[in-house]
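In this document, chain identifiers A, B, C, D, E and F correspond to the written order of the chains, with residue numbering beginning at 1 in each.
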Amino acid sequence: MRPSQRLTNQLRDIHITRHYTKHAEGSVLIRCGDTHVICTASIEDKVPGFLKGKNQGWLTAEYGMLPRSTSTRMDREAARGKQSGRTQEIQRLIGRSLRAAVDLNALGERTLHIDCDVIQADGGTRTASISGAFVAAHDAINTLLQKGALTVNPIRDFVAAISVGIYQGEPVLDLDYAEDAACDTDMNVVMTGTGGMIEVQGTAEGAAYNRAELNAMLDLAEHGIQQIVALQRAALAG
Amino acid sequence: MRPSQRLTNQLRDIHITRHYTKHAEGSVLIRCGDTHVICTASIEDKVPGFLKGKNQGWLTAEYGMLPRSTSTRMDREAARGKQSGRTQEIQRLIGRSLRAAVDLNALGERTLHIDCDVIQADGGTRTASISGAFVAAHDAINTLLQKGALTVNPIRDFVAAISVGIYQGEPVLDLDYAEDAACDTDMNVVMTGTGGMIEVQGTAEGAAYNRAELNAMLDLAEHGIQQIVALQRAALAG
Amino acid sequence: MRPSQRLTNQLRDIHITRHYTKHAEGSVLIRCGDTHVICTASIEDKVPGFLKGKNQGWLTAEYGMLPRSTSTRMDREAARGKQSGRTQEIQRLIGRSLRAAVDLNALGERTLHIDCDVIQADGGTRTASISGAFVAAHDAINTLLQKGALTVNPIRDFVAAISVGIYQGEPVLDLDYAEDAACDTDMNVVMTGTGGMIEVQGTAEGAAYNRAELNAMLDLAEHGIQQIVALQRAALAG
Amino acid sequence: MRPSQRLTNQLRDIHITRHYTKHAEGSVLIRCGDTHVICTASIEDKVPGFLKGKNQGWLTAEYGMLPRSTSTRMDREAARGKQSGRTQEIQRLIGRSLRAAVDLNALGERTLHIDCDVIQADGGTRTASISGAFVAAHDAINTLLQKGALTVNPIRDFVAAISVGIYQGEPVLDLDYAEDAACDTDMNVVMTGTGGMIEVQGTAEGAAYNRAELNAMLDLAEHGIQQIVALQRAALAG
Amino acid sequence: MRPSQRLTNQLRDIHITRHYTKHAEGSVLIRCGDTHVICTASIEDKVPGFLKGKNQGWLTAEYGMLPRSTSTRMDREAARGKQSGRTQEIQRLIGRSLRAAVDLNALGERTLHIDCDVIQADGGTRTASISGAFVAAHDAINTLLQKGALTVNPIRDFVAAISVGIYQGEPVLDLDYAEDAACDTDMNVVMTGTGGMIEVQGTAEGAAYNRAELNAMLDLAEHGIQQIVALQRAALAG
Amino acid sequence: MRPSQRLTNQLRDIHITRHYTKHAEGSVLIRCGDTHVICTASIEDKVPGFLKGKNQGWLTAEYGMLPRSTSTRMDREAARGKQSGRTQEIQRLIGRSLRAAVDLNALGERTLHIDCDVIQADGGTRTASISGAFVAAHDAINTLLQKGALTVNPIRDFVAAISVGIYQGEPVLDLDYAEDAACDTDMNVVMTGTGGMIEVQGTAEGAAYNRAELNAMLDLAEHGIQQIVALQRAALAG
């Protein structure tokens, strides 16, 4: 029934490549099917003005898409002179989700800059960004631990994300673009490695949904996120 | 236990004043406790470029806060030259929520512009905006029906919204600013008058939340939204 | 002869509501006929860079119109990304006029931010803003006197404003929108409570005007401003 | 008494050089003492959208200052990415003043673009701009008459401008920078060649002014403008 | 002598991967040592306004760097709201260079959008962009030929680019970042496959250079570009 | 053969007027035929952030064109809200070229701001800007030497610039607009007074050029720049 022939509870193939580029403290290429995102984590030894002198760190995220990551070319946001509302909404979500994974007090007066740049899009770019950025952030923080700049690990838990939706009346896991463009409801779920919910964003694109559908989608999301966390663990162990 | 002494499932007093300003086709002042928002609905007899010639309408929303609607003065977005990510996120939510209430095909080649301007803020400005904007949109569409520009009512259902959260470990309905600033989880819920879910956005600000807490919050939201829809109905009948 | 049936020297009904919103140190709703403006005065305990260390204060003003305060919806300046020339011209006028009322040396190193937001427009929004903002500024300064932050009152005199014009060949007081759109000459006058002139801005929209007409307009303005100052005094005494 | 030793009713030396640059249809260098402004008038064979198909023309003005036209270097507005409020206020004044001189219906569907660029500033740049721009506009319109594109001259009257003020308690004509920076009141007056008033903008910088002072300033302005119109006539005859 | 131990006339290893992403008509990853750039070519079936109806095509280029493509993180241009002067200079160079390779008349009323996005930088990003973008453009044009939209190939010649410089007194080919940051002169050369010069940009960063040095650098560039063209041919044949 | 009847190796008449405006430390009007540029050099007693505390100076340049310096009116960059890529490219070139002439260490913690504003354009505005700006910078630095703020002259050498090109198959010196618009190759050359090359930028607009043509163009440029340096010397001695 799904355009990709996947089962309703089946993720796309996910590959996490660490150390993808050489300059960033953490640099990951995450590929979820045909959605490919470069996630980097950069450490800066200062914090924004509103945190100065408070002896705590900060984590912030930015998101972008290469103009031709999509099937028709989009305008380049740098050339247009502003980020779209969608872009800002996504980068705020990524930042919020990752901050839930990191004890900012234990980070010291540092900023972790997350950059998620989509080089090829096929649905689910924001959730792929979160799952990949967690690994990049983990690697970046490890560089601080390894050189002794930190003695306590500020990572509190794993964080991963996935989309679910109602496609042709059926709850399905991990929407690709063909499904996303046609589905009734689209929900993004961010969870911790121990199963806590960090963010649930469910939007009825067409008909409204009910509690039973909501629960079915959350079950699928939980199932998918457990698998993604396992892949993150494997990548970090690799 | 709540700073306002309200019960955990108790809304603030809500007042909906129609025809608040004289120029707009729909104009509502909604007051939810100390949160006051002017919601107007304006009809324009054309649609954005991407819909031209498709024989359907559009609904779009913008949101703003007066600089001193808050306890400390915020920069004026018009003077700073751009809308914040928060503003864009909110106005996208308002637009999406209201579009779920309106059959855009039945609207004809018209745009309904929703403007929500917060004149006093005490938490819950985005949900108050949605609940008030629905009434303004309803009034604006009635002007089209009354003058015969439309013969079929494009309003499909009522739409209202409320925030819920986990405050000091307890699920509570309709967070005011004092609660919002201190709560662990903040969830905005948008539902139809017949109980369908349009949007659920739950964010763990501190600790992650679990399914039981999510369900408790949704129960509270459903309870609150039923009351708000009754107030919308009463206002429109008034 | 006037669309509103007013006498040539007759003001519209003016109502000044203090403490209109709860957060600002001074908050006024001024209604001049169908022109309604929210004026707030906010105190900030610092001054702009060019005044730092000079032991004096500053007063600055911003002005905006809600998109549907007018008979057809205007673009939202925050969304368009810049304030129009008209907006900037008006907010510069408001700031200049109010600074004439306040001894900035006596204010200490503080900034008084005036915000004038038009929620319904029917001509004369800039003069209503000045008259209302004076009361808001007065209230804000009183909070400083009451808590002992200031011992000498920096308010030097009252300030109020009104428009006059030549409508169908006749000098008239307090133009509403119907008159403003059709008049030959439009003049805004700002005066002190003791009758000094702070600002005179007269523009021939159609035919040029002569000295006799200028004098007739100034006489009307003086007459009107005396009444507005009386209303300001009554509001502040109330 | 005046820093320049001029009499209270004495203009600075004014020189008007036509055909100053070669590309513009009208191009004038006006020098009022040490204030030097290049004024060009450019003809474009179309009108802005709001006038399309109305069979009338338009005139619009832009104003700028070279960064080092002033005693300390100002930021370049093009580099900063926006025009200041002062710039916008001035260019709106120039446009309004010149439109009073031109019958836009007689101009046909054309736009006259006025550009006033200050290359050296010593006070009175906006009034010098208006007086110079009139001559440039006159020349540009003459090119249309000469090649038969127009048969009726749309110029209705001459337009010139000057500043006056109260300097050390005394009304004086044509403020230079030293006087402008120190004066109590600064008034810009725009008049037609036949003595009608187009614009009067008087601002109390320090103490308020009274009607007698206003009248004295207007008398000076009228006296000065008559001389400037004579210089414009002489230049155009030259 | 070179930090990389390369000979003075030795290129870094260059790899050209075609069909790197799936949506663009041409998509290339070019790696020149540690400089990695994604170059896409997108076909749009219209031309900019200034070419409308002229029966010819257009080619334009945009350039960007991922924020952490460099050793310290750069601000994201989309977030800052404008492209730097350097970015604009580079994208103008890329566009000009590629236009020299394409007969725009033979392209028809189409625009070829070139996007060069640096994912890892180690010097020479602009020349790598040009060399990679040529292959992407070639692929994009082939899709037009293959589906019969074009019958004559508008590609006139190959185009490739390389940097040369004076490093520690010695002319060297293909500067990496360590050399670029320390060299006296940096020259970018763009040539056709048949040895014609399209662009020479030589800048003395420290001491001025003389004609002999210029000639030595051009010899090196010619030598390098011949090799790059051979690699482009091999990639396109592959 | 040339539209202007000049010999292939003949410059246009060049006039350099020092002290052109009164406020800037250095102020030059340079006229190269019908290309007229005002070049000012302004001294500011501080440096940009990235140089603070490094005990060295900085030189930076900005460039602009009056809207009607050209044969059809261009948009005003300040009104459009951004500088074009061409403008930024040119001002970067001017800054780089002038920095090659000045020992920034000997300048002390000061910034030399160069402003080049084209008041009439007929080709070669960027090279005229460089040649004129050098004289303005020289004058500005002399004011520092004369008042004893500097004891060692930071000027290392003269700097001048000229364009050359291939026009109708022939190398020619100093392209005017008619030649520039029609030439095959356009090259800008910046050299020191002692014959060192600072910048060579050669662009094939149509056909590619070869080494022999490049050499012929450089010979012409060298010949022209020697004459311009002689004119600079004469102006500075005058």
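By our rule, a residue touches a chain if its C-beta (ideal position, glycine included) is under 8 Å from a C-beta of that chain, and two chains touch if they have at least 3 such contacts.
A quick note: this is a predicted structure, and the numbers were derived from the prediction, not measured.
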### Message
Find the pair in A-E, C-D or D-F that has over half of its contact pairs, by residue number, in common with A-B.
### Response
C-D
## Note on the structure
subunit A to subunit D, mean C-alpha position gap in Å, rounds to 58
### Chain centre separation (subunit E, subunit F; CA means) in Å
28
### Message
I'd like to verify one number: the distance from the centre of subunit B to the centre of subunit C, where each centre is the average of its C-alpha atoms, in whole angstrom.
### Response
33
### Summary
Shared-interface residues of subunit D (touching two or more other chains) are 81-82
### Task
Would you mind giving the ring's chain order, read from subunit D onward, with subunit F coming straight after?
D, F, E, A, B, C
### Task
Spell out the residues on subunit E that touch subunit F in their complex, using ranges where they run on.
82, 85-86, 88-89, 91-92, 96, 100, 157, 187, 191-192, 195-204, 207-211, 214, 218
### Message
Looking at the complex, which residues from subunit D come into contact with subunit F?
### Response
21-24, 27, 34, 36, 38, 40, 42, 44, 62, 64, 66-71, 73, 76-79, 81-83, 87, 113, 115, 117, 119-121
